[in-house]
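So, here come the structures, one by one.
Below, chain A partners chain B and then partners chain C, in two separate complexes.
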Partner chain A sequence: MAAGDMRSVAAVDGRGSLVAVVALCVRYLPVLIMLAVWELVGRSGLVSQQMLPGIGAIAAAFLDLLQSGELVVNAWRSLSRAATGLGLAVLVGMTVGLLMATRPLFRTLFNPLVRILYPMPKSALIPLVMIWFGLGDASKIFLIFLGCLLPVIVSAYNGARGVNPFIVWSATSLGASKEQVLREIILPAALPDILAGCRTALAFSFILMVSSEFVIAKDGLGFLIGSLGDGGNYPAMFAVILTVASTGFVADRLFGSFVSHRLRWKEQA
Partner chain B sequence: MTADFGIKIEGVSHAYPGTQGLNAAGTLALKQTDLLIRHHEFHALLGPSGCGKSTLLYLIGGFIPVQTGSISTQKGPVTAPGPDRSIVFQNFALFPWKTVLENVMYGLQKKGLPEAECRDIAQAHIKLVQLSGFEQAYPSQLSGGMQQRAAIARTLAVDPDILLMDEPFGALDAQTRRVMQEELRMIWKRRPKTVVFVTHDVHEAVFLADRISIMSARPGRIEHQIDTGLGPERDESTLTDRRFVELGEQIWRLVREQAVLASRGGL
Partner chain C sequence: MSPLSLIRHRDRLLQALVLVGLVSVWELSSRAGWVHPFLLPPPSDVLARLFADMQSGAVFVDLGLTLYRAVTGFVIAAVLAVPLGILMARRRGVQWFFDPLISIGFPMPKIAFVPIFILWFDIYDTSKVIMITFSCFFPIVTATYSGTSHIDKWPLWSARSLGASESELLREIILPLASPAILTGLQIALPVGMITTIVTEMLMGGSGVGGAMIAAGRFADSVGVFAGIIEIAILGMVVIRALDWLRARLLVWHPENRAH
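And then the complex of A and B:
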């Protein structure tokens, strides 16, 4: 019986993966169409090849950058900055958001700051941050941190405020202390919101990574885009831009599957 | 000295703060309530909706602070929630990110028991509420009745002196509710404890309780107290017992009076 089950599961799996591949193609059809139109517009001569290089030229430039190691080195520099800034933002933002939700003193202290800082474009701070932290990694990491911090704070705050009070009461009546309630009840209960905030922050980290490196850097993907553009090497510039976009896309998908694994308890039977 | 009371409630009033405008004065939920609940008694609190019966339960639980009067148990005055007074809510309030086993183990871990012992006690209680085989299920994968069983197991596992129940079967369908009532009464007989059971279902109160307090319309206080005198055994045959039927009618009239008063009160 067990073997029969296994076979039927495998059969369903086989069909399932075919369906998945087709679904994937349909899902990203708009992207394929965009690439096709891009190529056609380039070839038709409507727009000069200088301004819109063909897909082939971009792919060749991409391979060149990959072989020279330039792309990998700069991507590594960029991504480690983004990861550091984002990581710090998640840690600090989660703590501040949860404390704001549960401790009135924190709420009074941080609420006005959060309200003022949230809508402000962080890239406007680039010149100021450059003066404060210099041209090294610190200035970029700080900007990424600041940009990612606010969505995490706001989501942690809203998530924690929305926790069912009866769950908290249950925990206290089972003997949980105030600290335990915060760590063991409010944090996991607010996790769906917190992770949604982190996903927004992940996108912000890519935006700030590129825009800060564009202005203040000697390396990184943002720097590379800027210098290739200045040098008129548009195919290579597009190759880097598309690398950033697809890296961001992959990071978001990976984070998404981490989230659905982490929140599998939410699934209905 | 072993005191012969389970919970002593003396002169308890409770007002919820008002918001601006119409209700600026706030709402008086309880007014000068006195109630003595005996040790290891199954006590039902019955009354029209909005009469403050849940408020009284939350005060006993220590979830909301006592404003006037006093509430004490054998452990002394109630000031905060504690594992000696555990509660089961109408909407189960299970921890949705924990499995059934982890939910039931939580209170035991808070007691500082070794992990293996927590697991054993939790398993035993899961078996008691007939959820064996669902240890690794998440609450979202269970039916309402099963979730409430898990919540009862979680509360019973910490072996509280006092068991507080806030319309625990209110969200269940009629059949499941009947089964759960019989099971609860059976569990209580095996492990006697002081139970305060809030409900607005007259027959549920009569079927389960040794004594019933009927609360007045808001602001609530204890209007009548009735010994059911149905004896320790409750089962299918209790439902057709003459005393059960008569009590049901008598208590229904008393509750109805209060419900009518409540509706005249403009609620």
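And then the complex of A and C:
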């Protein structure tokens, strides 16, 4: 027993890091295989280099874009739009969702709107925001806001409705005010649902950011991808597309670890 | 009529009234000129346009094309992703190869790859359908994989010890037990597929509701844009309801349907 403990401690201390590195390599080997296939298909001449630029060419184009500042400027424009739209959606969506769950009047008022807007593919609103707000920031922020709003409202509503009523009754009978019940009981209990809704909203914010910039924009990552593609600079186009994809990936992972940190009090299922 | 159902009916009625009220305010504010009719065309004009397009058949051509692309892409994604998800849960080798690829691909905004698909497959239906398949694939495979690997071990062991073959195991135990999770995956993928359909139509043109809307937007035809939004809202609601209905039909035996 003690010997086993000692061995596992030693593994963590010394060779543990090596083992972890090897395990990581084995785990992500398929990704390397796919990259190698990509590179080989491009080199073999089966597909033209135009269609499938080599990894070296993409990396070089990425560094060029980074040095010229084009990538940083456009990424800043895009991400600030996405963050503004998403942030507003989380604030408004949580408020509306919690009000709908706790006040019947709000439920009656908002339920028909939510039921109509929820199943609607929000990208259909791109031409509308173009008419309303033109080609600037406002149109894209509004679109991202609307797209992210619905998942947050619905998750906050469901989370708050799912709170065990006995806890609410106990708190009320112990003299908690309505605000205290909301802050101390309903909000923490609904938090897992709300955070799950925010994660969905985060994914939507990226989708809507890129697609609205493809269709209507003067700058931003989507616009950069479009203009590089139109100019026939495919290695650079691939570089920006992969940048957007990895930014979305990293954002989701960061949010995921934030969620598990916030919800560490929760019992593991 | 019991008092409870009376309350429920009263709530329905109130909600319908809220909608009627909103549409009336919209009509009034645009007719009275409080809001410029270009920004918010009166609903009666939008309905008249929808009616005219219905008579000319244009609505049905656009809706039909959009529905055809969305459903084709979605079905191809399901046909590829469900078996792959099950295989990943059942075979270690498959899991080793695909798990990192899918866990990287799942949170990426797939829509950013549209220009690559245009480059590879041009701008016609092939390219749109492949893009829709690509974006629906990841939620379905992830849900199937997680659903299949979390099914209860006891029925599996019992069936195997009673002499069930691998294919019987799949048909009688794995598929039924994983079906709620698989259907949830499909229900997540469908709205994603609809969003992708509209965006690909807007970017690549060709008929379809997305293409018609972006054309209306470019020609400053706001009535046309609103008509498109209503068409797409109805289409979105119909396909989502259809999938909900399918879930209820397929899972009649499941406790989740016992409440009704």
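Going forward, the second predicted complex is superposed on the first by the 235 of 269 C-alpha atoms of A that agree within 3 Å, B and C clash if a C-alpha of one lies under 4 Å from a C-alpha of the other, contacts with A are read in each partner's own complex, and residues count from 1 in each chain.
The working rule: a contact is a pair of C-beta atoms (placed from the backbone, for glycine too) under 8 Å apart; a residue touches a chain by one contact, two chains touch by 3 or more.
As the structure is a computational prediction, the values presented were derived from the model and not from experiment.
Colleague: Taking chain A as the common reference, can chain B and chain C both be placed on it without clashing, or not? Answer clash or fit.
Modeller: On the superposed model, which is not a single observed complex, chain B and chain C fit side by side.
Colleague: Between chain B and chain C, whom does A:I185 touch in the aligned arrangement: first, second, both, or neither?
Modeller: First partner only.
Colleague: With the two complexes superposed on chain A, say which partner A:G248 touches: chain B (first), chain C (second), both, or neither.
Modeller: second
Colleague: Which of the two partners, first being chain B and second being chain C, lies in contact with A:A176: first, second, both, or neither?
Modeller: In the superposed model, A:A176 contacts chain B only, not chain C.
Colleague: In the superposed arrangement, which partner chain does A:S260 touch: chain B (first), chain C (second), both, or neither?
Modeller: neither
Colleague: Touch check for A:Q67: first (chain B), second (chain C), both, or neither?
Modeller: Neither: A:Q67 stays clear of chain B and chain C.
Colleague: Applying the document's definition of touch, where does A:S17 land relative to chain B and chain C: first, second, both, or neither?
Modeller: The answer is neither, since A:S17 touches no partner chain.
Colleague: Can you pull out the angle centred on chain A between the C-alpha centres of chain B and chain C, to the nearest 10°?
Modeller: So the C-alpha centres give an angle of 90 degrees.
Colleague: In the overlay, work out which of chain B or chain C sits against more residues of chain A.
Modeller: Partner touching more chain A residues in the overlay: C.
Colleague: Between chain B and chain C, what is the tightest CA to CA spacing in Å in the combined model?
Modeller: After superposing on chain A, chain B and chain C come no closer than 7 Å at C-alpha.
Colleague: Is there a shared patch on chain A that both chain B and chain C touch, and which residues make it up?
Modeller: No residue of chain A touches both chain B and chain C.
Colleague: For chain A, which residues are in contact with chain C within the complex?
Modeller: Chain A residues touching chain C: 26-28, 30-31, 33-34, 51, 108-109, 111-113, 116-117, 119-128, 130-132, 203, 206-207, 209-211, 214-215, 221-222, 225-226, 229, 234, 237-238, 241, 244-246, 248-249, 251-253.
Colleague: For chain C, which residues are in contact with chain A within the complex?
Modeller: That would be residues 11, 14-16, 18-19, 22, 38-39, 96-101, 104, 107-116, 118-120, 191-192, 194-195, 197-199, 202-203, 209-210, 213-214, 216-217, 220, 222, 225-226, 228-229, 232-233, 236-237, 240 of chain C.
Colleague: Along chain A, where are the residues that touch chain B in the complex?
Modeller: Those in contact with chain B are residues 164, 166-167, 169-176, 180, 185, 188-189, 191, 263-269.
Colleague: Report the residues of chain B in contact with chain A in the complex, numbered from low to high.
Modeller: Against chain A, the touching part of chain B is residues 58, 61-63, 80-83, 85-87, 89, 91, 93-98, 106-107, 110-111, 137-142, 151, 154-155, 158, 164.
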